[in-house]
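For reference, the structure I am asking about is given below.
We just call them A, B, C and D in the order they show up, numbering each chain from 1.
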């Protein structure tokens, strides 16, 4: 019985969203506000139980009480206090006098991830790609790949005017970009249709038992 | 001072993480791992800022009876229900009410919204793919070849022809060569853009994300 | 491990069966089981056990490499060696714990579980299913911590080169050198779009993507947002900024508030227009669609990191009749923005735009540095092609780091 | 306004209606069109096929969330069927918080169907938060990250994980993901530890992964429902993948017809406009 109710709710909500294709209407508005509310509650709970509780609350309280060490950073209980405090600092923005302290956790977060990203990006997105593109120009496909990359890179030159040889190469680059965009557009249709098939099969199979 | 401290923190942490990639010493990698963990916790802790904003906006709407305030009540009450199910009195495990709400309301709603794209991709293609110029023709032609080459019906169209003339083969060729070359170009260019910007962030030249200069 | 054990067991059974059948021919069997008498000759010991710190890839000192010569009975001689047993201890002459059972024929093993800097002793014996050979010893040896990952040298070299170029051009720009930057077509479109919204008296919608604040695209987007906010502040056009991440929301608040203050119109700043909607991707997209249809912005700007919601936003925005300008470096979403929006900043153009708009010479230095890095990349690629032709494969291998 | 101009400005809701009808029809009247196998799929199939039976386990990371279920679940089922029919052991895990139930569902369905025993043929490590930290941690020792399986059994008590320490003992790792998890496995498992990684991703993501195939960072790739259908063809077990391909065919052809009609209308309208201009002049 419960299953039937939930499936029916699922079906009604699914159709409410599709009604948006006709025009904006109360059913869609209801579905939209529903999903926003649910996800707000969901993420609040999940973030607390998956991150804050195991990494801050538990280590601090359990270790102080002499329990087992848990979590990744649990060498010493006070270490777990640091991220907790950093998290709290975000809220100083509501107190104008000390609001500037709220920038510290952001500094750590953004700086850390910027530093973390740089070298792997250089490795995987520049060096490895150059290496993979250093192809002997012995086949049409290799010439296509090398020429296409040269053109596209030229298109992204900002500090030189696209004139003469550079202009021709940038134009070749644009043609390659367009072929690439068209191809991946065409390639994506399938993925989007797959999702629709998933929903249609939910409606026809799980709800209406037609197939 | 107020500006220098966060910039100094950014610089030190950024440089440390940068070094982590090159130094195999476990002291460095474990400290880096610890800091990564901190980052995720800071982000997790920030969610309350967002939800606070959401509550404020909807509360205003409801209290002033602005247009659509009834829907704001929907948002606020389901959020309260989720917090009640998942909060201190509830559980979030498999089979709990919290999980049921997630699986039976949020998931179908989200995946249905996602599937709207099947309709939109068709309308976008209809509208934009016109033989207007060389560029837009390239876009159109490669899209049509790939669309045909990807599905069994398209494969049937060129069955019996030599392999190099079949649509699936052409599709693979387009994906593997011109498409890859173009995307590699974007990828490399964007990587350099990211690195230049990342470096500016670490050096404190870029600080818009801290809310401007002053 | 499981497999090694299984191999050992199977070989043991085979050896026993073989021995059994040989014996069966020599003497008349009294009964089948007894006849499979046990092999009492132990195999010869392995020879020349050497241990050393593992050097090939720069490791964190947790690996030790062990090599030995085959037992004379492994493969040749009695040919009955089924495997080797490797043990490790902390004191000389002590056997310690069994580390691994290694199948016959192997002469090489890497212990990946050592504590860096601690001295270990290793011993090895050959095993034929029933008997073990004499033990051979080696040690002491300690895993040395490496301070540099040598396999990543090429990454470091290019990083330093890139940093040097960026810093040099940034410094040059700071000293007043004129740096040329070509016009980026999508940029004027942003200003036109905002201008049109002002004329029509309708709001501007600015979506900074759904990336977290650590995503560099989001940071570039906040830069552009600051520029857009200054224009809307000047003309008193409402600016709606929906966000999918709480931290991005609070950063966007600061950026917009700051921009309104700089232009001298701080009262026009409306905090209710900087909204956090949802961390959930499609809940966010659905809610932004709602804003487009109900608050009817005349200009939609999508700048930052977008995933599948890109087309959902852009098609709804088109239907609502807004001018749309997008900018992203998400390769997979570019095709959709390019087809559905009026203008699109592609890939690096997004980062370039954020530097260009600020017009700050320091930021333009980075652009120049990236351009020169492109030249270096192209030169390296051409050098790689030449290297292939003349057979200098190591050159390409050097920058392919795995 | 002539017919061309009217067609140019067609209400897009008619297009939506046509798409809706086109997707439903094949559910009732299947076409059963054959699917051609592409190289990245064949490569992944071969890599899995080469894993010795009853030995070191295949690590299957079912990293997808409900949103990409229709594309990626058929892959999970096909890969699990292939592994189990070859007697290859499988260890399943997930990096997506919402992936837990989905991973369990796919694993249990195929295990039941093929009479596999938990612990002896397959096991489920569950979910751990933190993507790069989890992947990197497993390179040192899987037990550091997953001290026990999803049901609380210590890993040392699971027979198929006996002697499995880190990536050195994993012949192949396949990540099925509709987000950047598959890339993370490449960056943090292949790059530093040399782990062979295969991936199954949505069709839209597949384009991003071609460069990785080319550089050898990925051993094979399944792209979208089509990839799943090809794999179903290879293991000769037709299921949701092959069925979905019929709807795909119809919609793809429909979109192409729309584009062609749109262009005819475009040129028709342009010619009329030119004629009018000429007449006016």
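Note that contacts are C-beta pairs under 8 Å (C-beta built on N, C-alpha and C of every residue); 3 or more make two chains touch, one makes a residue touch a chain.
Please read all numbers here as calculations on a predicted model, not as lab measurements.
No other pair of chains has as many C-beta pairs in contact as A-B. Averaged Cα coordinates give chain A a centre that lies 15 Å from the centre of chain C. In terms of their C-alpha centroids, the spacing between chain A and chain B amounts to 3 Å.
Mean C-alpha positions place chain C and chain D at a centre distance of 20 Å.
Across the assembly, chain C contributes residues 152, 155-156, 162, 213-214, 216, 219, 247, 250-251, 277, 279-283, 286, 294, 308, 331-332, 334, 336, 338-339, 346-348, 352, 367, 370, 373-374, 377, 400, 402 that each touch 2 or more other chains.
Within chain D, residues 12, 16, 19, 23, 67, 69, 129-130, 133, 191, 203-204, 207-208, 211, 214-215, 217, 226, 248, 251-252, 255 each touch two or more of the remaining chains. Residue positions 21-22, 33, 36-37, 39-40, 43, 46-51, 54, 68, 102, 106, 109-111, 113-114, 116-119, 121-123, 125, 127, 129, 139-140, 143-144, 147, 150-151, 175-176, 179-180, 183-184, 186-190, 192, 194-195, 198-199, 201, 209-211 of chain B each touch two or more of the other chains. With chains as nodes and touching pairs as edges, the resulting graph is complete, every pair of chains being joined. Those residues of chain A that touch chain D in the complex are listed here as 21-22, 46, 50-51, 72, 120, 123-124, 128-129, 131-132, 183-184, 187-201, 204, 210-211.
By the touch criterion given at the top, residues 21-26, 29, 39, 43, 46-51, 53-54, 56-57, 60, 68, 106, 109-111, 113-114, 116-117, 120-121, 123-125, 127-129, 139, 183, 186-190, 192-201, 205-206, 208-214 of chain B touch chain C in their complex.
Chain contact summary for the complex, chain A toward chain B: residues 6, 9-10, 13-14, 17-18, 20-21, 29-52, 55-56, 72-73, 79, 82-84, 86-88, 90-91, 100, 103-122, 125-126, 129-130, 132-133, 141, 144-149, 151-153, 155-156, 173-190, 192-193, 195-196, 198-199, 202. Touching chain B in their complex are the following residues of chain D: 12, 15-16, 18-20, 23, 31, 33-36, 38-39, 66-67, 69, 98, 100-101, 129-130, 132-133, 136, 203, 207-208, 210-211, 214, 226, 245-246, 248-256, 258-259, 262-263, 266-267.
Of all the residues in chain A, the ones that touch chain C in their complex are 17, 20, 24, 28-29, 31-32, 35-36, 38-40, 42-43, 90, 93, 102, 106, 109-110, 112-114, 117-119, 122-123, 126-128, 130-137, 146, 149-150, 153, 156-162, 177, 180-182, 184-185, 188.
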